[in-house]
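Next up, some structures in structure tokens.
Each of the next two complexes has subunit A plus one more chain, namely subunit B in the first and subunit C in the second.
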Partner chain A sequence: MMESGKRKNGKRRWISTGSRVQGASHIRNGQPCQDALSIKRDKDYHVISVSDGHGSSQCPYSDEGAKAAVEVAYFVFDSIFKGRGDPFQNFVANKDIWIPKQIEQNWKSMVTLIHGTRPVPFSYELYGATLLTLVVANDFIFALQLGDGDILSIEPISTDGNQEDESQKKTQVDWVIPPDIRIGSETESLCQTDAWQYMKARIIPLGPEDTAPMFLLSTDGYANSFNSNEGFKQAGADFYNLWEEEGLSFIDDNLEGWLMESSAQGSGDDIAVALVKEAVVGN
Partner chain B sequence: MTALKTGAKLQSQHKRVYTVIRFIASGGQGEVYEVEDKASRSRYALKWYFKHSATPYQKKLIDRLISRGKPDDRFLWPLDMIEQKGLFGYVMDLRPTDYKSVLDLMKRRAEPTFAALCMAGINLADGYQSLHSQGLCYRDISFGNLFFNPVNGDVLICDNDNVTVNQDSDGGTEGTPRFIAPEIISRKQYPSTLTDLYSMAVLLFYMFMLHHPLEGAIEANIKCLDGKAMEKIYGKEPIFIWDPANNSNRPIPGYQDNAIIFWDIYPPYIRDLFTRAFTVGLKDPNKRIVEKQWKEVISQLRDSIMYCSYCSSENFYDLLKVKQNQNHHCWQCKGVISLPPRIKIGNQLIMLNHNTELFSHHIKGGFDFSTKIGKISKHPTRPGRWGLTNTGSDNWTLTKQNGESTTVMSGKTAPLQTDAKINFGPVEGIIH
Partner chain C sequence: MAKHLPGGEMSSRILDFIWIADCSGSMQGEKIQTLNYAIRQTIPDMQKEADANPNARVMVRALKFSDGAQWHIPSATPVDQFSWVDLQAGGVTSMGMALDMVATELRSFPTDTKRLPPVLVLLTDGQPTDDFKKGLDDLMGTPWGKKAVRIAIAIGKDTDIAVLEQFTGNRELVLEAKNPQLLIQFIKWASTVVKTVSSPRAGDDDSSPSGVDLNTVPVLTDDDDGIW
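Then we have the complex of A and B:
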């Protein structure tokens, strides 16, 4: 754990990584990977997005819809940072309506352009995809979610005096945006009319003394590879402990293999996973 | 990732121990949790401030509000304070789960009838009038802090932690972007009851039109709605989207459809009131629409609800159309609406639909929509015959067109006959 006062110039620095793999069943059926992953790193903020193209017969171009989703998310959030005024205040003021509407509108414009002159009559449904985005900045975290998937926060449980219990390495794992109870496989999608209305957003300020948790974003192919929510949350805790003990390069070297294994032994679905953690000065 | 963990025990100023049950929501100032006072087995909400919001000024404000007590039961008022490690929060009553926010309305997670929406509008204006009449200013009216029951329009006003005496310049919040009055954005004024009136008008516009009154073409053309852009649209150069004298900020079809669709659904008198609120009321705080005016016009709107006989959608009676011999077309199915019988009581014209009820407000004024005095009922044996049943305690006198008078005692029904008069005591109504 990083102690307060150790940040370079008082600025928080982030490290992020991720991978996406073609699902085991998609490989068998000759389907492309319909999940998209985007990690954009600026010196002051990272914008991390995953998207799950629906992949059904009604959505034959959903892999492109998913790519468009993660690109649009970066475009919208980056424009807020590059705009005038305090980004935190701009996110607070716009998180519920303007940002969701911008994402929907820009995604719909982009897939319309992508479709171009394809012979199939155009509909947004052809490109249907979810979107999960996490923006991590110096003084806040912003999360946005449309449809299935998970954004987890993972942090050590502090004992008295905020000392981490090294012998136990206990972690607290929470959903940043609590999941809906859902029956069946229908998910909310960017292709819906008024998709913005279904987006959920949360902003969490970070004070100078706060140490941010680690975050995990994943498309639903990952959580569905576990037998229970507890098993999935344990995977989040394991990532945290591996990062602490083995370092980022160990995760980078193995992540793709772990995800392929999860898909093969679990959901069979495509999986996109991203991890982001506050950097400790020196690493 | 929450500031307080589930199961944490917190001792309050009132020496109660609250246990954190679950995280509910977060906003710009802090997070809200459900907590339990095990001693009384009662559950409450706890608003816990983020570090940047946990200022000594905020704490002093909450201390004062706890001592002062709530203006009335519609306010989810601070009841108790908890401090821990330099941070603090306050305990308030939990909002019942059937109450929805205006954001829920915007996102169609709540779909009230127009009748319930009107009651919510009346109750909202009445709630803030109650606060203002006590010399207090809310300072932060926005769609995050009003909750309404989508079935009956009852309201609850929460996030009362910014309430101060009127025109307090001691610090505190200036409000929520999009709801802040232009004169605060341009640094000419502090929050006051007059700036509350502006924020309240924005909230009412959101409720009835599902859109912001200043977000038209200018907002649609901005690619990055940053601080400067927002300052221009909502503060320095605000232009009402339906300003009759300036069409430069009309809503854009396909992007701002709610503003277009809903504006046309409502009758002219409510549109006129919104127009005044966001034209003269934008620039001159003293000419803003006050709570009583909103209550009067929204009551009128409520009384003018009628149903399409084809699709059953609620529509609004428009006297102007009747005077010009125009049909009413249903906004939903476009069918021609058969006008229901109506009763004129003083200046009020009330549609007599299958479910119409008359309240004390209709005969005594005062916006009392809880004391029922009459209701429309079906004739028990003759289909198609309807009457107005006296559900109050006072007798009425019915005078038919031929001059014949009869007493309508409590529980009895007066038939709906054209030009019949009903004397309710304080006032007389004529059926059309």
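Then we have the complex of A and C:
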């Protein structure tokens, strides 16, 4: 999945791509892929979301919960862009309470509808899932996270040397939302009571002259495949360099295979990864 | 596909499995013999589980307690290389010291997310003769101890169930082995929980303690004859 764009009439344009794969252990055990990925593109903004259905025996429909999570995220954010007022100001004003509450309420309504007449007694836990979402617009970035997973920003480090001559450009890789120190396999979830209180949101304003970083969103099956956090951050840097040097089509051609191999060598878990980068004139 | 995967070195996550075995004098005879037999018999099952899930590296070790406590199999041993060394019984029940030693070990684990919660299986037929509370507090004071899957197997009728419930934090994870057959079944069951503990759970999920599927716990049937 890919799209190219150009900065035109002073408007920032975005290019986004992503893939999700069934985990190696899920393939062995005949379990479905419980990660969801959604990339929605409007001319003025992209909404990129990944979600990880918990997949434990208490959450048999978490693959559907994950799909509902990424759909709900787009629904809520799209309504802000299509509503009255300046989207940036609306995101700023609503990022901590209204948006998280809307996401929780809409997700819970949606999974209630999905459950319908299933013979199993209904509970939100049956559909438990995380949510990581990124909105990239002309003048701001909005990130929201509930539960495990990672949103990284990757940008080149300015140097006064001959950086262009180096085979690998130096990059700065950081978490957009710092991860909680968690032990083991417990995670926050949309199925929790007052899940909105556990959502973390951040806005990054972008000035007209700013060049936005590249962003990587991933479910925890990806970071858990690496020996260390440094190894995971290196993946962000490698994606940046591959995009710069080989182009987006190279990433698109290989991403699914890389993720399958990462799951097989690492966590065994499902993996969803999305990448988004500002388009440069000429792309 | 490109030759090199993006990112640094990859590996599966480590899952530590620790047997904590009572070797006090009251375990002498059939109890310690059955325990030795059952753990040895269950090794192939653990290896099979590990083979079926190459994304978790199961590392096994064992600690014994009687007059004091010491590591019986001190090195974390990959399950495919693990072999059991028979325990001998004699002495008192220094359970608190045993938990203290486990706590010291868990404290040395890095608190990153690349490790799965450890599985601690406590086997005992009696009551602690030392400061159990201090040992338990030490264990629960470590991040991994708090998150560990803690299972207790009570051997015979003289075990202090309330103490074991404090260890597990859940009555349902105190398994009462009233006869040798049940002890064998419980040990076998405990050794295979590794396959269920690696699934993610919601933060406020208390329906299934430690992610363990309690529906699979063996139960006493009319066919199970004999008591200790």
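Here, the second predicted complex is superposed on the first by the 267 of 283 C-alpha atoms of A that agree within 3 Å, B and C clash if a C-alpha of one lies under 4 Å from a C-alpha of the other, contacts with A are read in each partner's own complex, and residues count from 1 in each chain.
Here is the rule we go by: contacts are C-beta pairs under 8 Å (C-beta built on N, C-alpha and C of every residue); 3 or more make two chains touch, one makes a residue touch a chain.
All figures in this text were calculated on a predicted structure; none of them were measured in a lab.
Peer 1: For A:S79, using the defined touch cut-off, is the partner it touches subunit B, subunit C, both, or neither? Pick first, second, both or neither.
Peer 2: The answer is first: A:S79 touches subunit B but not subunit C.
Peer 1: Check whether A:S228 is in contact with subunit B, with subunit C, with both or with neither, and answer first, second, both or neither.
Peer 2: second
Peer 1: Is the number of subunit A residues in contact higher for subunit B or for subunit C?
Peer 2: C
Peer 1: Looking at A:Y198, would you say it contacts subunit B, subunit C, both, or neither? Reply first, second, both or neither.
Peer 2: In the superposition, A:Y198 touches subunit B and subunit C alike.
Peer 1: Please work out whether A:D174 is in contact with subunit B alone, subunit C alone, both, or neither, and reply first, second, both or neither.
Peer 2: Once the two structures are laid over each other on A, A:D174 reaches subunit B alone.
Peer 1: One more residue to check, A:S262. First (subunit B), second (subunit C), both or neither?
Peer 2: A:S262 sits against subunit C, while subunit B stays out of touch.
Peer 1: Looking at the overlay, what does A:G128 touch: subunit B (first), subunit C (second), both, or neither?
Peer 2: So A:G128 only meets subunit C here.
Peer 1: Can A:N90 be said to touch subunit B (first), subunit C (second), both, or neither?
Peer 2: A:N90 sits against subunit B, while subunit C stays out of touch.
Peer 1: Where on subunit A do the contacts from subunit B and from subunit C line up?
Peer 2: 198
Peer 1: Please name which positions on subunit A make contact with subunit C in the complex.
Peer 2: Per the stated touch rule, the residues are 23-25, 28, 52, 54-59, 125, 128, 147-148, 181-189, 191-193, 198, 220, 223-232, 234-235, 238-239, 242, 250, 254, 257-258, 261-263, 265-269.
Peer 1: Along subunit A, where are the residues that touch subunit B in the complex?
Peer 2: Per the stated touch rule, the residues are 79-80, 82-86, 89-90, 92-94, 96-98, 101, 105, 141, 153, 155, 172, 174, 176, 178, 194, 197-198, 202-205, 207, 209-210, 213.
Peer 1: Provide the residue numbers of subunit B that touch subunit A in the complex, in ascending order.
Peer 2: 1-2, 5, 23, 26, 28, 50-52, 103, 106-109, 176-178, 223-230, 255
Peer 1: Which residues of subunit C touch subunit A once you look at their complex with the stated criterion?
Peer 2: Residues in contact with subunit A: 1-2, 5-13, 52-56, 111-117, 143-144, 146-147, 196-205, 207-208, 211, 213.
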